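Per-chain numbering from 1; labels A, B, C, D and E assigned in written order.
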Amino acid sequence: MSSPLLAIILLSPLVGALIISALPPQNLLGIRRIAVSSSALCLVCALGVILSYDTVKAGYQQQIYLPWIPSLGIGFHLGVDGISSVLVLLHGLCAFSGVLISYAITQQVKEYFIFYLTLIAGVFGVFLSIDVFFFYFFYEMAVIPMYPLIGIWGSDVKEEGVVRFSKEYATMKLTIYLTLGAVIALIGLLWLYVSSGSHTFDLIQMQQHLDNHPLAVSVQRSIFLLLLIGFGFIAPMWPFHSWSPIGHAAAPSAVSMLHAGVLMKLGSYAIIRLAIGLLPEGAKFWLPWVAGLCVMNILYGGLVAMAQKDLKLVIGYSSSSHMGYVLLGTACLTSLALDGAVLLMFAHGLMTALAFAMIGHIYDQTHTRYLPDLGGLAHQVPFIATCGVIAAMASSGLPGFANFVAETLVFVGAWDSHPVAVACGVVGLVITAVYMLRLVRGTFFGPALRSFASVRDASSPFSRLSYALLIGVLLFIGCWPRPILKIIDVSAQSIVARALRQHQPEPEPETIPVEWVKVPNP
Amino acid sequence: MLTLTHYLIVSAALFAMGIAGILIRRNILMILLAIELMFNAANLAFIAYARAWADLGGQIAVFFVITVAAAEVTVGLAIAILLSRQLNTLNADEVSRLKG
Amino acid sequence: MGELLLFYLIAALMVAAALSVVGSRLPIYSVLSLLVVMGCQAVFFVMLHAYFVAAIQLLLYAGAVLVLFLFVIMLLQLSPEAVAYPRLLSRPAIGITAAFGLFLILRTVFFRSLAQEPPLADLSRPHSTVEAIAHALMTKYLLPFELTSLLILAALIGAVTLAKQQASDSRLKR
Amino acid sequence: MTWKLIGVEFVVSVWTIVTLGADILNLPRRNRLWLLALAGLSLAAIVLALQPPESLGESFQDMFVVDGFGRYFKGLFLVIAAVVIVMTREFEDRLSAPLGAFYMLLFTALLGMLIVASVNDLLLLFVGLELITFSLYIMTAYLKTDPRSVEAGMKYLIIGSIASGFLIYGVALLYGFSGSTHFPSLHKAIVSGVIPLSAQAGFFFVLAGLGFKIAAVPFHLWVPDVYEGAPTPVVAFLSVGSKMAGIIALVRILYGVFLPLHGLWMDTLAILSAATMLYGNLAAIVQTNIKRLLGYSSIGHAGYLLMALSSGSSLGVSAVGYYLLAYLVSNLTVFLVIVAASKTIGGDHLEAYNGLSKRSPALAGALFLGLLSLAGVPPLAGFSGKLLILLAGAQAGQLWLVTIGALNVALSLYYYLMIVKRMYLGTPINPSVIRVHPVTHTTLILLVLGIFVLGIFQNPFLQQIQSAIENQQWTRPQFPNAEPP
Amino acid sequence: MPDIHLSPFISCLSWTLLLAPLIAASAIWLFGIHRRRLAANLALTGMVTSFGCALWVFDQALRQHSHAFAWESSVEWLSVPGFTVSFGVLLDPLSLLMTLIVTGVGSLIFLYSTAYMKADAAFSRYFGVLSLFAFSMLTIVLSPNWIQLFIGWELVGFCSYLLIGHWYAKPSAAEAGKKAFMVNRVADCGFLLGILALWGISGSAASERTLHFHSLQARLPDLIASGAIPSSLLTLVGLLLFCGPIGKSAQFPLHVWLPDAMEGPTPVSALIHAATMVAAGVYLLCRSFWLFAMSPVTLSTIAWVGGLSAILSALLAVVEQDLKRILAYSTLSQLGYMVMAVGLGSPIAGMYHLSTHAFFKALLFLAAGSVIHGTHQQDIRKLGALRRSMPWTSGSFAIGSLALCGIPGLSGFFSKDAILVLAHERNAILYWLAVSTAGLTAFYIGRAWFVAFTGTSHGTHAHESPPIMTGPLSILAVLSIVGGYLGIPHFLGHPNETIHWQVVFTSISAAGIGLALSWLIYGRHWLSAQKLVLALAVPYSFLQRRYGIDEFYNAYVTHIQQRFIAGFCAWFERACIIRIGVNGIAWTTYYASWLIRLWQTGKVQTYALTFLIGVLGLIFHLIRQ
């Protein structure tokens, strides 16, 4: 029970960042090696976590508990259930391949890896925490390193040579946007803490307390709305999505990988874990609306992606479109759809990381991401082109990739409650195919261009490792989804069961504990 | 019958006139002068209450107020001299480099 | 009854002098009017049986503070302020209105709390002798008393440092 | 009367004379004076640490009270003064006027703060506050040849005097209500009887006077001007020390005396808090001078403190204690960087900070962390403080206020990041490397460490604060009219 | 099945049958991408292994009562409570027939490809994808449930995309691949919804929902009978499911991708776009015929779509000049026959035609490939007199053409006749449409023959293809001849039918007229083609524009979809969400800040006034009572 895996996962990048900060900035080799080894350690431990997850016992496992602020009921409580262990693995994969992709960074390498490893640690923290305080703590901690990462090492979004969105704009918008979302969620969390009267931030205890003393329906609905909007910002739920494509587009590719691959999943994860997990009545009331909004996500995001000419913007909008499926799966309150949603988070994370890695390589080599400028690159970069086709196909839900399984589960699970949304989702797959094929066609196919004669492929096995890793896992899960689904399902079942349980909230009005009763104005 | 309230109202008037003086005078010295009025109003209230409670505390408070007022005038006048030296004006409206 | 009459007389004089402090164009008039205010206040203090404070008021305020004012006014050779009648919604107009509002509110507050105010106590025993005050200052109020000495010291040193001419600064700089 | 109880104050008041005399006698060289000042602080700190906990008690006929709460803040004041002295060391060649007097004023201000931390009487409070402000008036105008410094001093003095006028008038009215300026007797009067309107007016006058100290809207307008004009070490002292003194006074008055009237001031404070937060953080956005910007930011922080105060709970007071600690560390970091950098980069204009990360990664990193901590980003100190305050607000049921407070986090992050943006994304006008003195460097490292420690390991500090306020009478809900009928 | 005695090897062999091409494909991708010979050998081995297994199973089946032969083996591929999908092999006469076609024709075409693609740089990639295609196709064919079928369905689409775009440097090829994938995607969108809807109605109180063919077939009729499922819903399900075949089998109006798909290498066109993949739609219709049959509306829709596709494509073939495109339109037209056959109620007739069509159309394509290989030319106007220079090729092409025309004795005759008889019985209009199509078919294939293989040479240097290409041609030619005598309908469980002489006569005469006309116009030049074109200018140009359907789609895609809808969304994103929404809030904040700043006038008395007003505000409420 007290295996140190989770602590290692959380601390390894932080320790890595600390060591790097002590190294001289000229020692590139050492810096990179430490980054790679710390993220590899995370990946190995994440694999260990998911392999050792006991689906019979279910629930939170590998727990670590340290009392932190006992007077407020805050504890440093780590643990994984089926859902988070899958996401931890996703993050481990994306982080490791992101660090490998980061070898392309040549300026201020030391600072880059410090921020990058902090970001990695923050995201791990969110997935591992089962204390609401630390959940929020790591959540915001993950947002802030994005600012320098995009601001310093990013690139402007250009159209026809004209800067459309500068990286300064993108990173400021992203940071403010996400912080805004975080604080809105924070309001909800504080309200929840106060009104539950449980005097604990511990998720498990809070859940037990709320089971025994359910909140009034109206309070649940209000808090749920706050959490939904707050976490919806990062999910990103339409119409709060506009930070994401531009942010992805401006970020350096390794950051985009992590961001689109994992960071965006924090929102839906938080909605599943906190909002649905703690506020069943709110979930019943608001989730149908979410189902409506996610149709907007899927269709609108896809259509906007269709009109983009910057490769990263295409993938950026496609991410916001695909997160619509995740939200759709979340919104149904069926274990099937929830399984699909979680698996889709996993699959989409890998797929989008692959896409951003590929685009990053192209951008590094050609110094452009503008679709009209590109073409025929399959002649020079056959390996990257293969990855591009694979990413496109995975993204449009080709069987054999995990995305297909996940989308099918979402559709199947959502069919009974939201057939129209499912129909729109299926149409969204067509739209995805349109822009992904357009991207592949415009970038890789067609006659070879002379201007790209010097473009190099990712030829060494080391540079291919991250691509191979991502594709391999996508294919493996896509071909053999049973084991991972089993792990997801045990947790999804319990969340859905909890949300659907018929509570009989007592009609007593919730009183807010104030230590002194107010004295009326004399 | 002379009551406490008589004194208090006078002190209130004094206080109000003091603050009015701060607001309408342009010369910084005059503003300092008006501040003295405010302190005096407080003094009057203190003494009146001290009388009412037959307590020494109020009278002692007046000591402190007078001391503080004197110190305030000292510092205020020193800064006023600096000001007239640096900016060549004592017009409060013209001392507005720092703004926004 | 006579006391009341005296009160009204002094109060009227005091308010008039205060108005003059606030309103007269010539700075010197303002200072001199303030002197009148101080005087009237001293009379009130006497009427309220605070004899020692009344003396201090005259000595310290009239004797020291106002002289200092006069001195600085002479030093800086202040010219009379230009007369500008406050226009509606200008800052002075709003200021006067607000100050008057403050007075009205305070007046209402005092009238409303009239019933709860302590009545003027019967002063059978002499309580505000110099000795009693000195005793209080040296016992109960010793700490603020000592602090005021530091306060005065700080103000003095500060004032000297600030007002000193630049030439002397260079001498101090080592 | 126990002289042991005022040991710290005694050392500090002695040192006012020592520094002045040392300067006049030219005992240490001018550039060694800071060591003397630090020595005095260390002495005071030792005395503070040696005060046995059981020696807590009241002195001067209850006028001066030494309790855990006061001791906690006295410690903080000493830390502030120490850092300000380090700043002054960096700044001293820009101070033309005598340094000894400057240190003396620093010590008198510190003395005022120490007094305020232990205050148990309205008159002592008045004198203590005046001691702080007078010293600061003079220190603000200390750059005699800089018109902006003099103007700042003038404005500070006038508004400060108005505030003192209101404060003392309010004290007079409260005195009239209870017949004493002593906190316990005031409290007794409040608990036992009907509170006349005049006393309520007096209370609000005192509130206004203290609102000036902590820079609460609408008593705040002096803040940006003074921050911009005053010498930077003074600004640091002002923004942390003076504000903290005001907050302590508010806690002592609101919680020690007027807690039974919670209903009277809770909403008022909440409204002031909301206005203060919004005003400070909004107005900071368009600023171009870093000190002015920090002035507005400090107004914003005053809003958060008011939110915690308005909660009327012991959690609120703990939050205030923690927040002030976090604010102290972060803000001093920021100001220390400003002092250290401004000489080389030339001025306090934001443009001067372009590309700072390339000229001095250490300074830029410290400023980055300090600003983010001020914004309230985990795992830095400011986050924990803000979270505690928001929690206290939520527990008091003021969700609207919590909402405004939370949204202000995002708002403030914007302008803090604008500075970060200049440091990390801008190109320096002059790419020369900035050298940092080892003393400054060490202090910065300590402060940054503090930022992290306070952001991650909250519990020891929080427990310290909680135990400090444990024995206060306001944490004992024992008021007769607070009992439910 | 208790009464069937199967060899214990069948499990092993049937899985080998399915997986051999996949293993080959993986091996090629992992090890053979730079080794040409290895790649080709792997692919060929995989395919031939499959074929061998199929033959063995076929042998087993023949030993049983063939039409009752059924064997299933599966593993749980995805299993969460409420939704279980297995992956497996379902062998029954229908799938076995299809498997034989896929693997048999596939083996020949693989063999043929080794020569045809010899000079290609991406030889290994070609075989890798081709093997993957074989696996995907077998996944469809052998699928025991809808999800596996859908998986295969998508995968064949993907392989088709890659193979059409094999020469991606050619913009037209890249575009054609994209188009094929997109059109299929649109159709699959309906198909997937159909599957979901089917899943939605498949549950009953007694049992969990399912997508298994047999379980559905066992359960659904009862549910319908009990009234649990409204018939309108059933029709909807049927129509949605039919969307799949419309796309995959390129029926009107989603036929547009198939002619363009001819950009791919010719063996690919033969295998995927003639013999197997496009037939998958028909196979699907046959596989779940009972489901479509439960809704008359669905069935008649299918019939009409098929009939219209048949005639409309035949018309297009008449005006086409590209040899491969002629064959592509011909494929469309023949697929129309098959779909119509199913729609008219006889899946066996459809499957029969599917089988024979696979033989002769593969033959025609491979022959055309041989022509292209020999001449590097595929415009029939630039070809001529190939009969002399390429005798084997010409002979096979002639056999294939005659089979296509339905000349008695050849395979096409029997299968087409079965459909015509069916149409004759069921629907007069469709019957006459089909007959006209038969005439047109004879005409256009005659035209191709006479223009390309007879007449005078246009100076193109032509040479006969190597034996490795002509060998498969010969085998397919034999199959095209004897395909009608193999007893395919019997194998599928259909009793032998008597020949309907009236229909036979009509169809033969239609074919005869068509052939005669083409001979007169193109063989004898008795009628000038140019004059005919001039005389029929309006319909000719209409046909040349392919009824304007491509233009309409292009206009829709570029103008409406891309420029208007997507453009509008992008504009909305930039203008409303980013500029007004997000930046608007930012600007509002900024200007609020700017406004607040005005308060800070720098004049100390303003500050004092504010202070005073603040105090007034604090104490004002005291006198409110």
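Following the convention adopted for this analysis, contacts are C-beta pairs under 8 Å (C-beta built on N, C-alpha and C of every residue); 3 or more make two chains touch, one makes a residue touch a chain.
For clarity, every value in this text was computed on a predicted model and none was experimentally measured.
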| item | value |
| --- | --- |
| Intersection of the contact lists for subunit A and subunit C | D, E |
| Separation of subunit E from subunit D in steps, with touching chains one step apart | 1 |
| Farthest chain (mean CA position) relative to subunit C | E |
| Core chain by centroid distance, with centroids computed from Cα atoms only | A |
| Pair joined by the larger number of C-beta contacts - B-C, A-E | B-C |
| Cα-centroid distance, subunit B relative to subunit D, in whole angstrom | 26 |
| Separation of mean Cα positions, subunit E and subunit B [Å, integer] | 95 |
| Inter-chain centre distance, subunit C versus subunit D - centres from mean C-alpha coordinates, in Å | 30 |
| Subunit A and subunit D, separation of their C-alpha mean positions in angstrom | 41 |
| Where subunit C touches two or more other chains at once, by residue number | 91, 95, 98-99, 102, 105-106, 109-110, 112, 117-118, 141, 144, 148, 151, 154-155, 158-159, 162 |
| Two or more partner chains touched - positions in subunit B | 4, 8, 15, 18-19, 22-23, 31-32, 48-49, 52-53, 55, 57, 60, 64, 68, 71-72, 75, 79-80, 82, 92, 95-100 |
| Chains touching one another, given as label pairs in label order | A-D, A-E, B-C, B-D, B-E, C-D, C-E, D-E |
| Contacting residues of subunit C [partner subunit E, same complex] | 91, 94-95, 98-99, 101-102, 105, 108-109, 112 |
| Subunit B to subunit C touching residues, read off their complex | 1-10, 12-27, 29-30, 32-34, 36-37, 40, 43-44, 47-57, 59-60, 62-64, 66-75, 77-82, 84, 90 |
| List of subunit A residues in touch with subunit E within their complex | 173, 177, 239, 242-243, 246, 300, 303-304, 306-308, 334-336, 339, 376, 378-379, 389, 393, 396-400, 404-405, 408-409, 411-413, 415-416, 419, 422-423, 426-427, 429-430, 433-434, 437-438, 441, 444-448, 480-482, 485-486, 489, 493 |
| Residues of subunit D defined as touching subunit B within the complex | 123, 126-127, 130, 134, 137-138, 141, 144-148, 150-155, 157-158, 161-162, 164-165, 168-169, 171-173, 175-176, 179-181, 198, 224-225, 228-229, 287, 292 |
| Subunit C contact footprint on subunit D (complex, rising order) | 6, 13, 16, 20, 26, 29-30, 59-61, 63-64, 96-98, 101, 104-105, 108, 111-112, 115, 121, 123-124, 127-128, 130-131, 134-135, 137-138, 141-142, 144-145, 176, 179, 194, 196-201 |
